[in-house]
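These notes open a run of structures that come right after.
Look for chain A in each of the two complexes below; its partner is chain B in the first and chain C in the second.
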Partner chain A sequence: MMDNAIEIKGLSKAYKGFALEDVTLAAPSGHIMGLIGPNGAGKTTIVKLIMNLIRRDAGEIRLFGLDNRRCEAEVKSRIGFVYDAPRFPEDLRLDTIASALSAFYDRWDEVRFKELLKEFCLPPRQAFKKLSHGMKMKFSLALALAHQADLILMDEPTAGLDPVFRFELLNRLQALIQSERKTVFFSSHITTDLERVADFVTFVHKGRIVFSAAKDSVLESWGVVRAKSDKLRPEDVPEARGHRRTEHSLEVLTSDLAAAGRLLGDRAVCDRASLEDIMFFVSKGNGHA
Partner chain B sequence: MLKILRLEFLFNRRQLFIVLAVFSAYFAYMAGRIASPRLFIVMTSVMVGLSMPFVILGREDKFKTAALVCSLPVRRSTYVLGKYAATWIAIGLGLGYALLLTAALPFSKIAVSEVLGLKTILVSVFLISLIFSVILPFTLRFGFTGVIILLVGTQLLGIVALFIAQLVRVPNNPLRIVLQAVEKGLKTLLHHEPTPGFLLALLAAILALNAFSIFVGWALYARRDL
Partner chain C sequence: MRIIISNSSPDPIYEQITRQIKSQIISGELKEGEALPSIRRLAMDLQISVITTKRAYEELEKEGFVDTVEGKGSFVAMQNKELLREKKMKIVEDKLAEAVAEARLLGITRAELEEMLGLLFAEKE
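For the complex of A and B:
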């Protein structure tokens, strides 16, 4: 049986104008899970709740089988956390920041940290403020990896990075999984990043989980059905999850591509949906319940 | 908690030394000007009580490092305790430096015995505690914006109270009563003989103030969303 690095059950958090409701998901150990959703969907809220940076209204979060509040120090010592915008005192040097933080981790590996800095071309005596956004993210990642965390938790790590940096980062994450059996959980609204590296995908929209499943099974079962407007209605498509009308055609997102193909036959063209299609149709294209 | 203290030192050491350098000039000037040890104690306490915590808390507010520290393997209660300890160490450093400097300067108008006595030190620590124990929990929970709102709000309340008192012409103006009580309290504090009973009471008051402030800080910080 697969053990889970992250288990979330019935998680809720309400803000004025936004509510995360009944979020349930599980991220298996040794895999990459991507948390996807449009801006304001609740991704950062979930990540912050996992880190106990904000208070939950209801629900349970277990990391490595331990409650994230009762065993806060123990679980956090096994997490490498990377923020969307790293928050370190800007005027300090990288080695000073690392020295201040390393004391908190029993498994801190100074040799590895120095190797990572070299690998990422980060001068240890450089002030943090002099780094570019990409370099800052690399430094955060180096800190997260240097204490041999079992779970790398990242909030929008690829946002604002150029394609070269993004590619490097994603490769690094994949290498981690292959060589060290770490678990990676990261939020992103860049669907191509997730398609490239994620084993599991959780899609959150308006504070609710739309699905949380293996990426391959999502890409196999979800599809887009296209037909002329006069030949198809959205309600004709089984498991329709959203649709979009153009002047002459109708496109419907379904979560059961095989059933749609069997039922509609030649009336429509059925294609597999990308994560981008799914995100677009559910969030913008007249989403269905 | 030692890890938190080390982190605070590494994150703030440069700024603390800059403040100490500014203190050198400030207290050298004040020691040559002020002849009243009581006035000097009050001014020093206010200066140290505000500047040292503000260095530490101001940088945390500026760089939003609270979320960083809370993502480390420490409980929030430990973090709050560490913050209090770090700030008190910084205050102790500032106060000790200011008093030693004043005592050591050849042109100082205040005698060494007046500055480095047990009563002087306890009175200073008590006055600093009064400022610090209110400001720190507020800053921890609401950041600097919260403190500014608190200070501005208090001033506005004072203005409103003053205005109402003038308007209705109350014979015993409550605001004046409060201010007179504060003045009386301060005078008692500064003029009282340093008897063992008085010093013990002062020490107890310092401990009680800080303990209460820490409990409030814990309760407020536990509710903070970062």
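For the complex of A and C:
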């Protein structure tokens, strides 16, 4: 029943000193998928490859079931790409940029666009170069919503935004998927944003996927086991995925909290892990991922 | 329908939702046949995942509290006999407890009370 807006198989791309390796994931239509990972994990590379802005070494990307290179024009007309550094001629006014772009989109909604500018407090006659970082992001989002994109693809949309607008943005994304045909895919290192609204979470670390799953099931199965250091060793914890030592205690991340609880419940504290815990232990702690 | 989600609760969010909807059905606050918000609408209102609200509704459906009609939405289940029976049993139980408390105050023994109950039953048959 669920078809996928994004389907990636075996995607690889090597740079000097960094490689994205064998990335496979699927983002079901009508849902919000968040892509998390520390800086430099490969999030932006994945987004750029989806947009076919850079060459891949191997792999396949299908958007709405179509190959993103062979059907590039068609798939791109259905994507709203939102990022904080969109490149437009610096001196052009926002309304001029929009009217030039609207020609490329069949479903452009001029009335909606004007409303959005008002809602986002963007003056239509403002020159693009006068916009702040956050305003550029808002402008880019207004364009995406005005051409009624089926897939909103965003790279770090909440970075550099004040909490009020971040909150508003997340609300808007949820309003968007009231239609089961719209899909949102966004990368972020701010895990609390995802913890709220994401339906699916993909965690990428050092160019590899650690997991790509329903957020609820991740938050239910992963946990942190804590005990005094003389009471617990990392190898005692089933499905250990990383650990951290402090002066007196040991904390171990596990991807099977239920098993850890059964085995160690009498000598350690077993808590659920947040996405932040997971990201921290796997990337900064002594990750065993 | 009012639902309040606590992020600090150890209970999973879908359970918090099912518990609150169930208690509102039992209390009569949500009436039989009443439409529930769509899973997408509820997810947006509570700012949680669509998957969480979907799971909550599926649980409610499994337990017979809610019916989902394809393309129309979810409704408080009609004539849930077991549920109604449970509700009514509770009323009987409460009244009996009252009677027992009263009997204790008056020093009526269990045997005497049971005899009264037997007589009352016989009267109606």
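FYI, the second predicted complex is superposed on the first by the 284 of 289 C-alpha atoms of A that agree within 3 Å, B and C clash if a C-alpha of one lies under 4 Å from a C-alpha of the other, contacts with A are read in each partner's own complex, and residues count from 1 in each chain.
What we mean here is this: a residue touches a chain if its C-beta (ideal position, glycine included) is under 8 Å from a C-beta of that chain, and two chains touch if they have at least 3 such contacts.
Quick caveat, the model's predicted, so the values are computed rather than measured.
Peer 1: Mind working out whether A:Glu72 is in touch with chain B, chain C, both or neither, as first, second, both or neither?
Peer 2: First partner only.
Peer 1: Looking at chain A, does chain C or chain B touch more of its residues?
Peer 2: B
Peer 1: Could you look at A:Lys182 and tell me whether it touches chain B, chain C, both or neither (first, second, both, neither)?
Peer 2: neither
Peer 1: So chain A touches chain B in one structure and chain C in the other; where do those two contact lists coincide?
Peer 2: The answer is that chain A has no such residue.
Peer 1: Where on chain B does chain A make contact in their complex?
Peer 2: 3, 6-7, 10-11, 14, 59, 63-65, 67-68, 70-75, 223, 225-226
Peer 1: Along chain C, where are the residues that touch chain A in the complex?
Peer 2: Residue list for chain C touching chain A: 12-14, 40-41, 43-44, 47-52, 55.
Peer 1: Over in the complex, which chain A residues touch chain C? Could you list them?
Peer 2: 30-32, 170-171, 174-175, 177-178, 180, 196-200, 214-216, 220
Peer 1: Applying the document's contact rule, which stretches of chain A touch chain B when the two form their complex?
Peer 2: Residue list for chain A touching chain B: 48, 51-55, 72-74, 76-77, 79, 81, 83, 87-92, 96, 99-101, 103-105.
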